[in-house]
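The letters A, B, C and D name the chains in turn, as written, and every chain counts its residues from 1.
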Amino acid sequence: MTAVRTEAPVSAAPRRLPGAGRLKVTDPVVGVWLAAAAVTLIGWIVVTIDGGQFMTQSNFTGILQNSVALGLVAVGQSAVILTGSLDLSVAYLISLGTLVAAETMEGGSVVTAVLAVLALSAAVGLANGLIVTGLKVNAFIATLGMAFILRGYIEDNYTGPAGDVPASFQRLGYDRVGFIPVSVFLLIAVAAVLWLITKRTRLGHHMYATGGDEHAARLSGVRTRRTVIYAHVLCALCVGAAALFLASRLGAGAPWAGTEARYDLDSIAAVVLGGTALAGGRGGVAGTLGGVLLLSVLDSIFNQLSVDPFFKNVVRGVVIIAAVALYARPFRRRAKERDEARAKEKGAVA
Amino acid sequence: MTTTTPPTTTAGPASVVGALGRRLGTGAPVYVLLAVLLAALAITDPGFYEPDSFLAFIKRAAPLVILAAGQYMVIVSGGFDLSVGAVVTAGVVAGAEFYGSYPDAPWLLVTAGLLLAGAIVGLVNGLITTVLLVPSFITTLGMMLILEGAVFYWTGGSPQGVLPESFRNFGRGEAGGWLPWAVLAVLAVGALAWWLMRADFGRTLLATGDNERAAALAGVRVPRVRTLAFVLSGTAAALAAVLVAGFSGVSAQAGRGLEFEAITAVVLGGVILGGGRGSVVAAMAGAFSLQALFTLLNLQGVSGALESTVQGFIVIAAVGLGATGLPGLSRLRRRRSQPSEGKSSS
Amino acid sequence: MLTMQDVSKSFLGVRVLHGVSLDLEPGEVHALVGENGAGKSTLMKVLAGEYAPDEGTITLDGTVHAFSHPVQAQAAGIGLIHQEFALLPHRTVAENVFLGREPVRRGFVDRRAMERRTAELLAELDETGIAPHTLVKDLSVARQQTVEIVKALAASDVRVLVMDEPTAPLADHEVELLYALIRRLAARGIGILYISHRLREVFDLSRRITVLKDGRKVATLTTAETTADDVVRAMVGRELGSYYPPRADPAEIGEPLLTTAGAGNERLAGIDLTLRAGEVTGVAGLQGSGRTSLVRALFGAAPFTRGSMTVAGRPLRPAGPRQAIRGGVALVTEDRKGEGLALRQSVRDNALLVTRAVHGAGGQAGGVDGLLERVNLRSRGHDQEVQYLSGGNQQKVVIAKWLAAGPRVLLFDEPTRGVDVGAKAAIHTLVRELARDGMAVLIVSSELPELIGMSDRIVVMADGTFAGELPAGAGEEDIMRLATASDATPEGSAA
Amino acid sequence: SSDAPKDDLADDPAASEQAQDGDEQSEFFDQADYDRQLELTKATPEGPEGKPWEQMLDPASGGMVDTSEYAMKGGVEGAKLCFSNAGVFNPWRQVGLKTMKAEVAQHDEIADFTVLDAQGKDDKQISDIQELSGQDCDALIVSPNTTATLTPAVEEACGKIPVIVFDRGVETDCAVTFISPIGGYAYGAAAADFLVDEVDKGGKIVALRISPGVDVLETRWSAAEIAFEKAGLDVVEVKFTDGDPSKAKSIVSDAIARHGQIDGVWMDSGATSVAAVEAFEDAGEDIPPITGEDQQDFLQAWKDKDLTAIAPAYPTFQWRTPVIAALKILAGEEVPKEWTLPQPVVTEDNFDDYYKEGMPPLHYGACGCEDLPGYPGDWGGE
């Protein structure tokens, strides 16, 4: 037929980098990375004016290092949020994960410990997924309940830090390549895997679809329940990775490792900061990493300026709300368009 | 009966059960749960129903019940309020701080001031959510960080004042020597909430949570109604703060975790996250159930540490059974067959 | 090839399909027609595995199927193009087309193959304007519909393709392309079930026509041996015309209650409209001609930005529905579930919503019962949730909601869409009564017979402005001529 | 508040045996430690009278450390001190940090004092320590968030600069000095012994604990458990309060209702003691002998209600000592390897030393801050 005419869009497609074709400042993913860059720049200037040094190697290392644990959790959290669910049990799962890791390493091998933690995580994720999809308990309540269950187990069985992590495994938490902590590579690897899964596999496509419109996804043949379950398992596995990292860094399991750091709400904040819609279906891992980095850079600046830790929370709260308000602006326009599209579509019925 | 056709045989039994479920309302499971828990309490502790100790139980439940009533308003309009725990903490700390500077302030004034402050927090939550279109989960999460940070920043880490007896009497003392003020507060809040939900405001609020577009086209000022829900929630949280401060005095962690407890209570009451369905009385019954559960676990002497595990299981089971139970079945099937209007956020 | 035998289906005790049977041969285009709510879509959803039938069987190529999930139907070779889109706006065209069956290469989704294949399929439709990597939300509605079609085609080895009103949002040249495509698909031996309200299309394309009415099969006719009149008679079941309440006496038509002069906004221009007490004004027009925009502007939901408007002699510039409602204007929207009702609230609460929101109902709760009686609502009681009512009764609740607010001007956008015949007549009668009571009524309808039957005069819209006005008794051709005046090609009957 | 079970966990067979006949909490029990701590409570401190933060108990046991290698060339003038703080998440730590900052302000020779706050995150504190040891700090003070988990980071820092650990310990002795009060056994035992004296055999005791799984609180309870068992007191309730006064009050009210009469209340820290007192008041019961902590609100209640009470302190004055120690080290003066501070117990007799009129309710009496600049205003007093 009109092969020549169809040529243009088709041949353009393969050359396009994924997502790169529509890099726009208004895209939250781009936005959050730009914001992180801007904050770094501003931090640099402010800290320098304050008489400090911001662009130092050790500072840079610190920022990266502080991104790892939250990064791992947030990357996992992105997976569930993308799918339209939520996981509030991550903090206790981290705690339990560090304990299991350290105790297993004390008595057995590192490999067994890693497997044990991942198995535990997968089981918890599976349970979350099943409760959400099978029992139809809202994810908020389901994972909150799971958090309580884990908490009780931890408190009943542990009276403080336990276990011992061998020096060999502690290298994960302490070693560096140049000025880059090796654990950053773990984060990059996990994020890359999740990025590949969400962007490149069928499962990932189905996750976006389920989060975007569960009904439409189901009609298109997506096994939406299974997808939600997988997302929960993936999230839990990332949390397991975070637990392993923390165990290696802490040298022992700590019953409060996850909760005192508030990884549950912080990870959700990072995900949302990274432009993933809380309702699901939009966003992704790349933005989340940007969100984590932004929080880390902010933290580092506050550190340098010796800002009161309470005041930090105020700023974080403001930043999170402001960022999402900014994302909501293009969304407002889009929502309007969609309303109109819907009005027209409904008109098509007659 | 509907106009078109007589019911078919297949639909018969299902619709009978459905009708029963509907008559009991979506809150039905929570009343059963509450009855079971209260019966279990009676068995565990024969003295539980002596007037004094029963009133003491209500008094203890009061802050959570009031929080649940406020949280209900927000949830039923389609949102979340995660900031209520922080409002309670901030309220207690700010009250003490205020008394630190003005030890002779009249208690009524301070209470009114706290309620006003709670309302303002709710107003800000509401405006950010409705005007800036930030999902309420994020708005109130941010607000939680801001409040906790700000109040401790302001007090330099811990409150400076002592709460006088006059102020604390409301949460601690009894009217006429036997009826705790807190019980009166619960009754008043319950009556007010019940009335509000029957009144124009409540009905438009429910309609807004159910279908925001339809509500807007029916002339409902949606942003205003939703904002008002946040204001009520903030005020309720402040009232809870006054009660908590009265009941147990100054503490830097008075409200810790209360937001989750309140949301759990509301959901236990059969209110759907996402809005549009559920009754405020059931939500308050959910709060009583939760408190009864705490008390029961305490009396049963479940190993202190395992308490939260038991609590987690019961909450999941109760909500799960409510969701998949008989009245719920048809509802869910129904919902799935229609494209949903967005998720439970916003 | 495909046989559906005695299929029945009920929703919450309301039977929507009564033992419908249907068969389809390879390469056949089989049209399915019937009034709104006749059960066409429901029958097709049963076929596509979205609903399980209460009774009846589906046999495809000799195998009896009982689908419990759309995937199973797809696997068996049944593709469904939805009347309501099932697309993800934030995903690309290719991702939507292959949703649920993404091609996988070495464990990863083969984007290239996906996009290439999508491009090929699009090329077959001669859709050069759609790049496979565009986001669906960035496409026009017509193109979104094309994506739906491509999506159904992409399913492997489609044996049966169901198209539920595929042409509704398409422009004429797109319709031609679709025809060509359908013929090509049929030539490949794919059986096509084609639902449309446009009889001309039906006659252009189909080999046989099955008529549904009130959930029952009335007849299956061979297209070559039948006429449009026969089909319409079978659909409606009685002669048109006898069906509508008598029009207004000129004496009954009173003062102008709503006027606009030179009104317009970004979608409308030059709107000079007068609605009089006691008169029913019909608004006709093609899809997208601006009818909905007009009523939304009058109601303040998407207000006029130019010109003037008066209601009951007083100028009114509604910035939102509230002001319009206060001014005495009411709008029954075309999207009943999405915009008209809070489905999980009771009949009473829905009926009182406007009064409560705008006027503060308080004590009026009792009065609503009389109103619901007036609209002839049939329900299990006023505490019943609206979602459990039939479409016609739901519409009655919407009307009651507005009547409770005591409006002077009533705007109806597609008031009988998806409403069964009985309720439809009741609504028609009600509308006329309201006009008799002195309200000014405006009706937008895509069903020309309804519009002609109900209106005391008909305004025709095209391209966001008035193309002309016709007196009562004007024929469909007159309307279509005005409606398509600016378009090169006239379209067939809109109903 | 917090505690310091620094020493190694039970290696000693006698201790493990002992642990087995107690219940599960006694896993933490270490007989040798227990004995040593009780011993120390009786020891006479060395050091300036009236300045407990400069005193030390039995410094010889751990030996003195020669710090000449750390001595700053031109004297301590212009010293830069760095402090990695676990966080300021409770009033005890807030009072402590204020006290520490005031101590720093006293010393003009300290040119710079950098504080990094880990906000309760072990992971962040490790980074903080790394960051600080990478900066040009002359000495590093660490208040670890968790005993076990900061060991590697502290070890790493030890290689670069002199490190001073206080409050909770770490599992390494690389720090120049470890500063802490006597410890949890002494704390728990002091409170328990008081009840043993005040309550008749068979009396009913309610024990309120903050939360399970916190090692630093476990020692307090295990010491108390032993004392109660030995004296034949009947511990009718052991409950966790999460540090929440409402919960504590509810628990005590319930206990009163169930057991009719409660003869004594033991608690592992002070946060909820006033709530417990009020529970008795509200139930119309006499307040039995009760233990608390040196928090102002409890002291106030004690005074107003004339309680039979005792308040072991885990003194906030220990926050002054690291600064003093740092200056000593940088001056090349010797310090004890284990700097054990006295651990006062507030009793009827010394009550007036710790109760300070006009201080805020969450202030700690044993802050040793009365002589510091800014007192009492900076601590919220008047």
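Keep this in mind: a contact is a pair of C-beta atoms (placed from the backbone, for glycine too) under 8 Å apart; a residue touches a chain by one contact, two chains touch by 3 or more.
Quick caveat: nothing in here was measured; it's all calculated off a predicted structure.
Enquirer: Chains touching chain B and chain D alike, please list them.
Expert: Under the touch definition, chain B and chain D have A as mutual neighbours.
Enquirer: Distance-wise, how many Å sit between the C-alpha centres of chain A and chain B, to the nearest whole number?
Expert: The mean C-alpha positions of chain A and chain B differ by 30 Å.
Enquirer: Could you state the distance in Å from the CA-based centre of chain C to that of chain D?
Expert: Taking the mean C-alpha position of each chain, the two centres sit 74 Å apart.
Enquirer: Taking each chain's centre as its mean C-alpha position, how far apart are chain B and chain C in Å?
Expert: That gives a centre separation of 42 Å.
Enquirer: How many Å are there between the centre of chain A and the centre of chain D, using C-alpha atoms for each centre?
Expert: 37
Enquirer: Could you check chain D for residues that touch two or more other chains and list them?
Expert: 88, 212-213, 240 - these are the residues of chain D that touch more than one other chain.
Enquirer: Would you please write down the residue numbers of chain B that are in contact with two or more other chains?
Expert: 157, 213, 304-305, 338-339
Enquirer: Give the residues of chain A that touch two or more other chains, as numbers and ranges in rising order.
Expert: 155-156, 213, 215-216, 218, 310, 312
Enquirer: Which chains touch, pair by pair?
Expert: Result of the pairwise touch check is A-B, A-C, A-D, B-C, B-D.
Enquirer: Tell me, which parts of chain B touch chain A in their complex?
Expert: Residues 80, 128, 132-135, 137-139, 141-150, 152-153, 157, 213, 260, 263-264, 267, 272-273, 303-313, 315-316, 319-320, 323-324, 328, 332, 336, 338-340, 342-346 of chain B touch chain A in their complex.
Enquirer: In the complex, go through chain A and note every residue touching chain C.
Expert: 1-3, 5-6, 8-10, 12-14, 16, 18, 21-22, 196, 200-202, 204-206, 208-209, 212-213, 215-223, 281-282, 334, 337-338, 341-350
Enquirer: For the complex, which residues does chain A have touching chain B?
Expert: Touch list, chain A to chain B: 84, 131, 135-138, 140-142, 144-153, 155-157, 213-216, 218, 265, 268-269, 272, 278-280, 308, 310-318, 320-321, 324-325, 328-329, 331-332, 339.
Enquirer: Give the list of chain D residues in touch with chain A in this complex.
Expert: For this pair, the touching residues of chain D are 25, 27-28, 87-89, 114-117, 119-124, 126-128, 130-131, 134-135, 145-152, 156, 211-216, 218, 240.
Enquirer: Residue numbers of chain D touching chain B in their complex, please.
Expert: 88, 90-91, 94-95, 97-98, 209, 212-213, 237-240, 242-246, 248-251, 253-254, 257-258, 271, 274-275, 278, 282, 297, 300, 360-363, 380
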